Amino acid sequence: MSDQKTALIVTAHPGDFVWRAGGAIALHVRKGYRVKIVCLSFGERGESQFAWKTAGVAMDEVKAQRKAEAEEAAAILGASIEFFDAGDYPLKLTEAMFDRMVDIYREEKPAFVLTHALADPYNMDHPEATRFAQDARIIAQAAGHKPDPSRAYSAPPVFLFEPHQPEQCDFKPNVILNITDVWETKRKAFEVLAAQKHLWDYYTRVALNRGVQGGRNSGRAMTYGEAYQRVFPMIVEELA
Amino acid sequence: MSDQKTALIVTAHPGDFVWRAGGAIALHVRKGYRVKIVCLSFGERGESQFAWKTAGVAMDEVKAQRKAEAEEAAAILGASIEFFDAGDYPLKLTEAMFDRMVDIYREEKPAFVLTHALADPYNMDHPEATRFAQDARIIAQAAGHKPDPSRAYSAPPVFLFEPHQPEQCDFKPNVILNITDVWETKRKAFEVLAAQKHLWDYYTRVALNRGVQGGRNSGRAMTYGEAYQRVFPMIVEELA
Amino acid sequence: MSDQKTALIVTAHPGDFVWRAGGAIALHVRKGYRVKIVCLSFGERGESQFAWKTAGVAMDEVKAQRKAEAEEAAAILGASIEFFDAGDYPLKLTEAMFDRMVDIYREEKPAFVLTHALADPYNMDHPEATRFAQDARIIAQAAGHKPDPSRAYSAPPVFLFEPHQPEQCDFKPNVILNITDVWETKRKAFEVLAAQKHLWDYYTRVALNRGVQGGRNSGRAMTYGEAYQRVFPMIVEELA
Amino acid sequence: MSDQKTALIVTAHPGDFVWRAGGAIALHVRKGYRVKIVCLSFGERGESQFAWKTAGVAMDEVKAQRKAEAEEAAAILGASIEFFDAGDYPLKLTEAMFDRMVDIYREEKPAFVLTHALADPYNMDHPEATRFAQDARIIAQAAGHKPDPSRAYSAPPVFLFEPHQPEQCDFKPNVILNITDVWETKRKAFEVLAAQKHLWDYYTRVALNRGVQGGRNSGRAMTYGEAYQRVFPMIVEELA
Amino acid sequence: MSDQKTALIVTAHPGDFVWRAGGAIALHVRKGYRVKIVCLSFGERGESQFAWKTAGVAMDEVKAQRKAEAEEAAAILGASIEFFDAGDYPLKLTEAMFDRMVDIYREEKPAFVLTHALADPYNMDHPEATRFAQDARIIAQAAGHKPDPSRAYSAPPVFLFEPHQPEQCDFKPNVILNITDVWETKRKAFEVLAAQKHLWDYYTRVALNRGVQGGRNSGRAMTYGEAYQRVFPMIVEELA
Amino acid sequence: MSDQKTALIVTAHPGDFVWRAGGAIALHVRKGYRVKIVCLSFGERGESQFAWKTAGVAMDEVKAQRKAEAEEAAAILGASIEFFDAGDYPLKLTEAMFDRMVDIYREEKPAFVLTHALADPYNMDHPEATRFAQDARIIAQAAGHKPDPSRAYSAPPVFLFEPHQPEQCDFKPNVILNITDVWETKRKAFEVLAAQKHLWDYYTRVALNRGVQGGRNSGRAMTYGEAYQRVFPMIVEELA
């Protein structure tokens, strides 16, 4: 294993990693991280309204279409992507998937993990994905799970990304990441999601307004931001 | 499908729709709504103490007895009722039941849904029923679930009804419905639940006190009220 | 007193009624309400950075300048405005001002009141303004305050408007008002606040995103929205 | 000082100690406690609607009338009462009153204190009374306040009594006191408050429903209850 | 069944009943209670780091080792122990185990139950154990579950014990138990857990600091304390 | 003004900066920061029990004694200290003090501020000190307060330090500072507070347990820690 730092993103559907974490992915790739996305479903049932407008379209076609989009978006952002094909609305996560998720934590030893907010009354797949990501993060620490005394693994910090309606999801951002330098890349990834064109503008506005907030809170100029909620305490050697 | 508006009530046990939502049911029936109750169990194990006092009574007898009561109460209130027979204490909700619940949302296209509070440390069936009702409401929106491009469905507002000990269930009422005009009907439905006579008075007092609160908050006279907690933001064209 | 309905807005600084409630003001004016704004300060110390960039500018000049702007913005929105000149950063609200505020409630008998969120760690004037508005609303009910047995007054519902960083202020919107029809008017009022041009776009984005959320929650098209948090339970005769 | 245990009640207005704590007062008097009520105002402005219906009635008359009622109710319950005459709506508590309040804590050395809930959006006098009662309880501990090395004082447990709309006041009861044995006394005290006859029934229903909840939570029969929220942890030698 | 009072402890792993409830167990044993521990797993995968340091160690060996320790610790504290062998990280609780848990409630008729905090972002076994303990407590009340009209059972109070990082688990202690008299016994039980020597001191410090807090809140001397969060309201006949 | 970074600590009483922030002070001094403590009172009434045991001691003597201690402790930690002599139990903060506090923010331009938790039911001076520190931090930003267009000031991040009973004060630490390297200095400052010897051990245990938690959350060794709650979002260029 090289010294390259890694980051892990766990999302329920393809759109999520683009809208919510596309900036963080592109930014850390640019900083030299290896970034891996675990995409639990293709969003084939619940987030593909456009595809289903064609009468008689088959589930496999929709899945293939969304998979191609997700791969293209991940490539633009510079990340690798692994699909779990768990189905969506609702996610049907199996023990085998959980086992694979634990292995990924141990393989990647990520410096941080990004996943969904803890609650979302509009979408039960989102908290389910978070629970899955967080449980696997803990099991990866268990010495008795596929024991190997030589292994070193330390559970990474978890950041929750911004849901569609933050206040309804009890999302309280305590971190704003400056994504100004990679905005064009994030925006390019938006454009892969051609069927959700109305969300391009929505999430551009979100990024701009988080940028204004970031500038206001730091006194430093910032144009585009992504908001996160850090789950565990931060351990520091200096406060400023 | 006619232009008649509809309402949907999802309850864990028969008593719940009587004590907690009987006024809303009777009132909206009177206003011309078609109201449908989905009753997930007969309350046969956990809410039939009286029936089990007879030594040797069989489960089927208890269920039949509670079913008859529930049907009679629903008839008094003017609603149709569908039983899921999921068992109670605890509810054992299956995928087939979930599938049926989703279909009901699409069939009824309810103008609103009433179900249990989000938490109840005294009764784990109640939050489970809410979760079930809310998840199905979302799945019914998924274009890829039994796809049919011609279908129109919009997820209805959700109101949580008042649990037995509101403060212990983190229930915070933000809506009080004036049920004065249908009080006699609600009370008549109480009387079907002959074995729970002590609750007749309890819930009469609840209705009277919510009525006082309704009057106090509106400046308009009200005698009987039912309290609800609206889950999603209200979209309005005027504030008053 | 005529039958005209009235609305009352209580804000700490001039910008607040424009950014946060400009849509509600213009909309209810269009619906025939008489709308009155109580503006507690001119924002002369804390919200006039631009004016203070001129070396040697006097406090009175700054106040006059901000007052003129506030009057112009109120006129565009169609509301009357009364200034309390309480000073800002911090507000210094006196007993005489409180007494006047109580009188205004009794004179206006508003159908609703709009004021600030309950908390704001970025600006202590905002929660202070809310406290002032809410305390006066209660005192206006006290039969022994300037007693007059013939008077009829009922405390109106209170809606909190959206702060600059909603999640940091524990703001949880439960009402979204459709302001699409009056958007141009609200935007025109923005433009009076020439020194805060960067906020024009910020609050345009807020309005557009609240509009998307309003559409998503109602299933009805909406372009521009304003979010509010209703404080007291709503008393209703029908749930849908 | 005798060995008699004492209890202290701090209320904003006369009605409060009757509706909210009348059972606790009568019960502890019966158990041999000396109970003292500190009544911060006469409720003359905000809680005397009936009195003000008479045109031309003077403030002093209203105060005298409410004082007589409060004294009669206290006598029925068996408690002594001290008035602070701070005015109501809003309370105007002075330093001298605070100083007196501290002295009372030291004189009485109460085994417990009862006062208002921490929040009440309907009545700003209530949280103000609590703040006053709690601050004085702490100052009474300060060795440098009227120093007297021989004095022994230990800050007593605080119980908040039930507000008119518990959920709106974030009141979460964690103690239910069985007041069945003194119910008739509490009810008799209600009847002194002749002008608020509609509240007699309201608070009788509250007591009955808290009684049902008490029975449900303990498995022991109880008819009438009063709910309290204990503020500080309980220190115990046994859990059951 | 004798008149002996009983207590029930439900823990996910062996360490939990020692660190978190060892004082309560020893104290109530000394007071004459029969205390039963239900230990859902042996902590074999997630809480046996030391054992897994030996390359090639088998799961059965680790389980046997941890079982022996748990039995020894329970014996020192004076409690009986029943293992469910549900596996850990994550717990895999079956219907048969749930059925057994319900039977235990009915057999023991405990005066109180101790179990884990409601949330623990560091360990998903802990909230799962609580859910299991609380659900079984409720089912044990259901008249239709293994009906027996002659049975008397009343759901006991539940106390949550202190998690490793209280604030991160939303743990709010409202009871501090004085365990000074049995401290030596609790400490002796620590020493059975030889592989977790660093936790001996950690939990000794927790006990000492809870003791200081207990003294501060009661005005009575206390050296060692255990903190608990009571879930349901307390029903009392006297407040002091 | 030099390039030296600065830090500001605002405390109600002398003990607070020692027990709660002594590590942060010593650590940042060692890192080259200029650290300034604003000590609002001498703790002469409420936190000087020992001094008041001498019958007839005068207030001035107690104040002088506590002042000397505070100066000695600040010197050991390497910070300068300014006293406001506001009195304690309760603090009586004047406008002049507020004005001075604002000036200090502008003079120091601190990189961060440390102050008390937002709530403390055991000590009303603590939340009052926080409110004072936070309000002044905001006023210092107001361009119209002592206007000077050439001035640059940006409101610094605020960290709340750990109160005596964290859970009762709704304190949720999200930062743990490693103070291992300066522990001996912090401990030496403890020893100046000779009259509070029992707290030396209490806060040594707190530091050790926060150290264990810091190690657990970071995977890096740490012996002594101080917990803080960051109030405003953190603005970052990288997540790990």
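In this document, chain identifiers A, B, C, D, E and F correspond to the written order of the chains, with residue numbering beginning at 1 in each.
Please note the rule applied: a residue touches a chain if its C-beta (ideal position, glycine included) is under 8 Å from a C-beta of that chain, and two chains touch if they have at least 3 such contacts.
For each chain, UniProt lists the protein as follows: A, B, C, D, E, F = 4-oxalomesaconate hydratase.
Bear in mind the structure is a predicted one, so any value in this text is a computation, not a measurement.
With A-B and D-E as the two chain pairs, more C-beta contacts join D-E.
Which listed pair repeats A-E comes down to matching contact pairs by residue number; over half match for B-E among A-C, B-E or B-C. Centroid to centroid, with C-alpha atoms defining each point, subunit B (4-oxalomesaconate hydratase) and subunit F (4-oxalomesaconate hydratase) lie 53 Å apart.
Look at where the CA atoms of subunit C (4-oxalomesaconate hydratase) average out and do the same for subunit F (4-oxalomesaconate hydratase): the two points lie 37 Å apart. For the pair subunit A (4-oxalomesaconate hydratase) and subunit F (4-oxalomesaconate hydratase), the distance between mean C-alpha positions equals 38 Å. Among the residues of subunit E (4-oxalomesaconate hydratase), those in touch with two or more other chains are 122, 168, 173, 213, 232-233. Those residues of subunit A (4-oxalomesaconate hydratase) whose C-beta lies close enough to touch subunit F (4-oxalomesaconate hydratase) in the complex are 5, 7, 24, 27-28, 31, 111-112, 114, 154-155, 157, 159, 173-178, 213-214, 217-220, 222, 227-228, 230, 232-240.
Residues 131, 134-135, 138-139, 141-145, 147, 149, 231-233 of subunit D (4-oxalomesaconate hydratase) touch subunit F (4-oxalomesaconate hydratase) in their complex. Here subunit B (4-oxalomesaconate hydratase) touches subunit D (4-oxalomesaconate hydratase) in the complex through residues 122, 164-168, 171-173, 198, 201-202, 205-206, 208-209, 212-213, 216, going by the rule given at the top.
Listed in rising order, the residues of subunit D (4-oxalomesaconate hydratase) touching subunit C (4-oxalomesaconate hydratase) in the complex are 44-46, 48-49, 51-55, 57, 59, 62, 88-90, 121-124, 168.
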